[in-house]
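Both of the next two complexes hold chain A, though its partner changes from chain B to chain C.
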Partner chain A sequence: MSIEDVKDRIVEVMIRDLELALNPDEVYGTSRLDELFGMDSIAITELIIGIEKEFNIRIPAEDLSVEIFQNLETLTEYVKKLLHDEATMYIEGQDKT
Partner chain B sequence: MTTSDRFSSLRDIGILFYLVPFRMAASFLPTGAIRFFGLLMGHVYSALAYRRKRRIQQRLRTALGNSTTNDEIMELSRRCLLNAVASHVDALILNRIGTQALLENGKVRGLEHLKNALLKGKGVFLVTGHFTGIKIACRFLHESGYPHLGIVKRHADDPGASWLENRYLSPYWSKVIDRTGHAPVFVEDKDVGLKIMKRVRENGIVIIFLDVPFSQHLLTRPFLGSEQSFPVGFLRIVYATGAAVVPMVGIGNSSAFNICFEEAVNLREAARKDEFIAKNFDILVKILESQILREPSHWLLI
Partner chain C sequence: MLKDVLGALAVAHPLKQAIRCGDLMLTYDELFIMKERVKKYFAEELRIQKGDKMAFHLPNCADFIYSFFSAAEIGAVTIPLNTNFKESELRYYTSKCGIKTIITHSDLLAQWGQMPLMEKTLNFVLMDQLEWPTVDLKAESLLKSNPFSPDVAAIDSEILYLCTSGSSGRPKIIPKTPALLFSGAENLGTALDVGSQDRFLCVTPFFHANGFENSMFLPIINGASLVLMREFSPRSMLDVLAQEEITVLIGSPFIFSSLCDCADKAYDFSAMRHCLSAGAPLPAELKKTFYDTFGIKVREHYGASETGPVSVQFQDADEVGAVGKPLNNVRVKILDEEGRQLPPDMMGEVFISSTSMVKGYLDEPELSSEAFPSGYFRTGDFGMLDSEGNLHIVGRNKAIINLAGIKIDPSEIRNTLLSYPKVKDAYVTGVKNRKGMEVIKAIIVAHPDCTAKDIVIFCRDRLAAFKIPRLIEFRDSIPVDVMGKVIRSVVEK
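Take a look at the complex of A and B:
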């Protein structure tokens, strides 16, 4: 999955799960996620759950920090890295069997 | 704002006395002597704070209805003030009492409900109100291996308090009295949601005070005979994570207390988040109301 695909799906999750009255372009154009949520820190928790369901991943508790959720780019890079790590772990597991 | 609003009242002088000389004296005087002074201060406050007592009586009449006699209301309002002062005085000596000695002075009921809720592995929201024994309940949880996250307000904005109290006394109070040994989480923090989520993810406990509107997300409900706003942001996290909600009440002081954990709330399912919040919030408000009505003189926000 390309980084653009990951970003598109995150934007979809944001609009759908956070019930944002925005179109995708407006979300892409936002430099900071807290501006998007109107300083709503609880919305980030809903976004986490939405992303986990969308990508079938689990964001570990120790990774839950403001840095990851600064903007769309940092979040996309983090999810992409998590997907890559999980895929690598899966392949390594298959090799062992 | 008038001068009297800014540097108000006897109440401010009382709080200042409590926070500085009395707090210092409480660090070395015998605990029995401090309790005695606390009782004395309670009686003085009860005699002087007639406006507050009158407000409490009105609130009690509205909440309890006609089933309670005037004499009972008067006695309850007097006890409300005495218990409030006793609770604040007790906060000064609580940390001087060893855990074992403290636990011998009270009862803890329903801990199995908290344990069962934690067994689900999805974190627990302990919901409660500002009862007299809440500091003891927090200490009990901490010492019993149930570390919890408490959320406090950085900036006090109680409309019933003076400028002096909101601007200086309440923050100082939080800093020197309410310290729990770890960094508090403030409702104004940008990452408060993430911190709550992290604790829930670790299958930890988050304490929610249902009786103060410390949230960007509020719902108004009838409560004790009038309308009141309540925080509901945490229910959005409950909806998203499946965390359990356990009601808790802590009343009394370090010489005699009672902590009760109730059975986890049987949350109603709903297809939509708003519906889930509305349905379950009504249940929680009723639980809080019944807790207060059982012990009205131990609720500090009356």
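Take a look at the complex of A and C:
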């Protein structure tokens, strides 16, 4: 999955799961996520659950930091890395069998 | 009285786990010793005296618990402040309550903006920066050398101010005494049969009445074990619930819904005795999903900051808003608009009286007499008592937004919006999202170049994140009636 695909799907999750009355362009054009909605623990939890379901991944609690949720790019890079790590683990697991 | 409790617990079971918070574990013995040390520090170093007001700007942590008992024994007033508050909100409560000392952690200091530098009369105490000697004494030996002294905090002196959202545009302060706290804990503790064998997971923030009274004070005075979560993370919480063999969980519909969303393996929750949901109506579908997922029934718990715990729905009921029979020492009556008491099964406004109810709000005689007529608290909720004495809550008549159990006054948000030069008029309300929970919606009349993003950025610096409207809709006007009152039925369409 390309980085652009990951970003598109995160924007979709944001609008759909947080029920934001924004269009995708407004989300793409933002420099910080806290310009789009109040970044309280409820919104962050909803966003994490939405991303986990969308990409079928688990975001470990110890990974959660302010830096990841700074902007769309940092969040996209984190999810992309997580997808890559999980894919690597899967391939390594396949090799062992 | 409070000193007797911790001292007695330390003597009765010194090695029993009192608190676990991440890697930190304190036994009741160590909790007592820490409380003694902090109390000495408060009294001798900070010169805290009876009646002094101390803000607790802390997450759920051990510092909060022993600092509260220390302050209470001195006779000082603890004022827990929401850790999401921004500078303007913190400044308001500091001034309103006459706070002089702020107990906090270094990672929360930035939220106070310039106040630590500019306000020379305020003393900021960073609990995480203080160093205490390693705990190496047993409480019993300390008690023998330092027997109980008469308590400074009388049973009826105010030791806690809870901050609550008001319906009239200004937040209210609810003063609590040890007598009220003990009474509330007894009323709920008896119903749940809480004892020292229990293990509570404390995820509801201690700056809320429900978190403070039911998740912290209640288990501590019963000698139970508390597992604290500084922040809410549903996946970590699922693991903690199983690993720590939690027996009591007090949460909100949002917490239970998030747990269901994150469950992706089998968990052993066989130790669980009570899962209570409070703060907002518990959707029937969520109740069912939680039971299907974990095999545990979530019980609806009803109460108010002003009254303490009111009821728990112990019987199985699919009906939303069935909150059970009033607890011991709690009376409920339903009145019509003319103030006449209604018979069973008739819908009206819910009034509560209980042994844990406050007499009124701090420095608000008029508001207090309106809210506490004839020894009852006017909840603002609509409901009925059925013929078996079960209370049913069906709605609210106060325009308060209920965000996952946090009550928010829409006029506070509206006033902030109106202070933005691009906004001409605004209306703020709560709307249900697709999960049946309330989110904040702002309907705004603004200059043509104003965007939703402008609104969020403006609010971001002035309001706690949870108060920023999730939905922002621009309209040409907000309809008002001949009296100038907003026509809710039209504007909320």
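As a convention for this text, the second predicted complex is superposed on the first by the 93 of 97 C-alpha atoms of A that agree within 3 Å, B and C clash if a C-alpha of one lies under 4 Å from a C-alpha of the other, contacts with A are read in each partner's own complex, and residues count from 1 in each chain.
Simple rule for what comes next: a contact is a pair of C-beta atoms (placed from the backbone, for glycine too) under 8 Å apart; a residue touches a chain by one contact, two chains touch by 3 or more.
In this text, all values refer to a predicted model and were calculated from it rather than measured experimentally.
**Q** Given the superposition on chain A, are chain B and chain C in a clash or a fit?
**A** Overlaying the two structures gives a clash between chain B and chain C.
**Q** Counting touched residues of chain A, say whether chain B or chain C comes out ahead.
**A** Partner touching more chain A residues in the overlay: C.
**Q** Between chain B and chain C, whom does A:D34 touch in the aligned arrangement: first, second, both, or neither?
**A** Both partners, chain B and chain C.
**Q** For A:T74 in the superposed arrangement: first (chain B), second (chain C), both or neither?
**A** The answer is neither, since A:T74 touches no partner chain.
**Q** Looking at A:A43, would you say it contacts chain B, chain C, both, or neither? Reply first, second, both or neither.
**A** both
**Q** Who does A:S65 touch here: chain B (first), chain C (second), both, or neither?
**A** Touch partner of A:S65: chain B, not chain C.
**Q** Would you indicate which of the stretches 182-190, 452-460 or 470-478 belonging to chain C has clashing C-alpha atoms with chain B?
**A** For chain C, the clashing option is 182-190.
**Q** Between chain B and chain C, which residues of chain A are contacted by each of them?
**A** Residues 34, 39-43, 45, 49, 60-61, 64, which sit in both footprints.
**Q** So in the complex, which bits of chain B are touching chain A?
**A** 189-194, 196-198, 201-202, 216-217, 233-234, 236-237, 240-241, 273
**Q** Help me check something: in the complex, which residues belonging to chain A touch chain B?
**A** 34, 39-46, 48-49, 60-61, 64-66, 69
**Q** Spell out the part of chain A that touches chain C in their complex, as residue ranges.
**A** So the residues of chain A touching chain C come out as 18-22, 26, 30, 34-43, 45, 49, 52-53, 58-61, 64.
**Q** Quick one: which bits of chain C touch chain A in the complex? Just the residue numbers, please.
**A** Of all residues in chain C, those touching chain A are 84, 231-236, 254, 258, 261-262, 264, 403-404, 433-434, 439, 451-453, 456-457, 459-460, 463-473.
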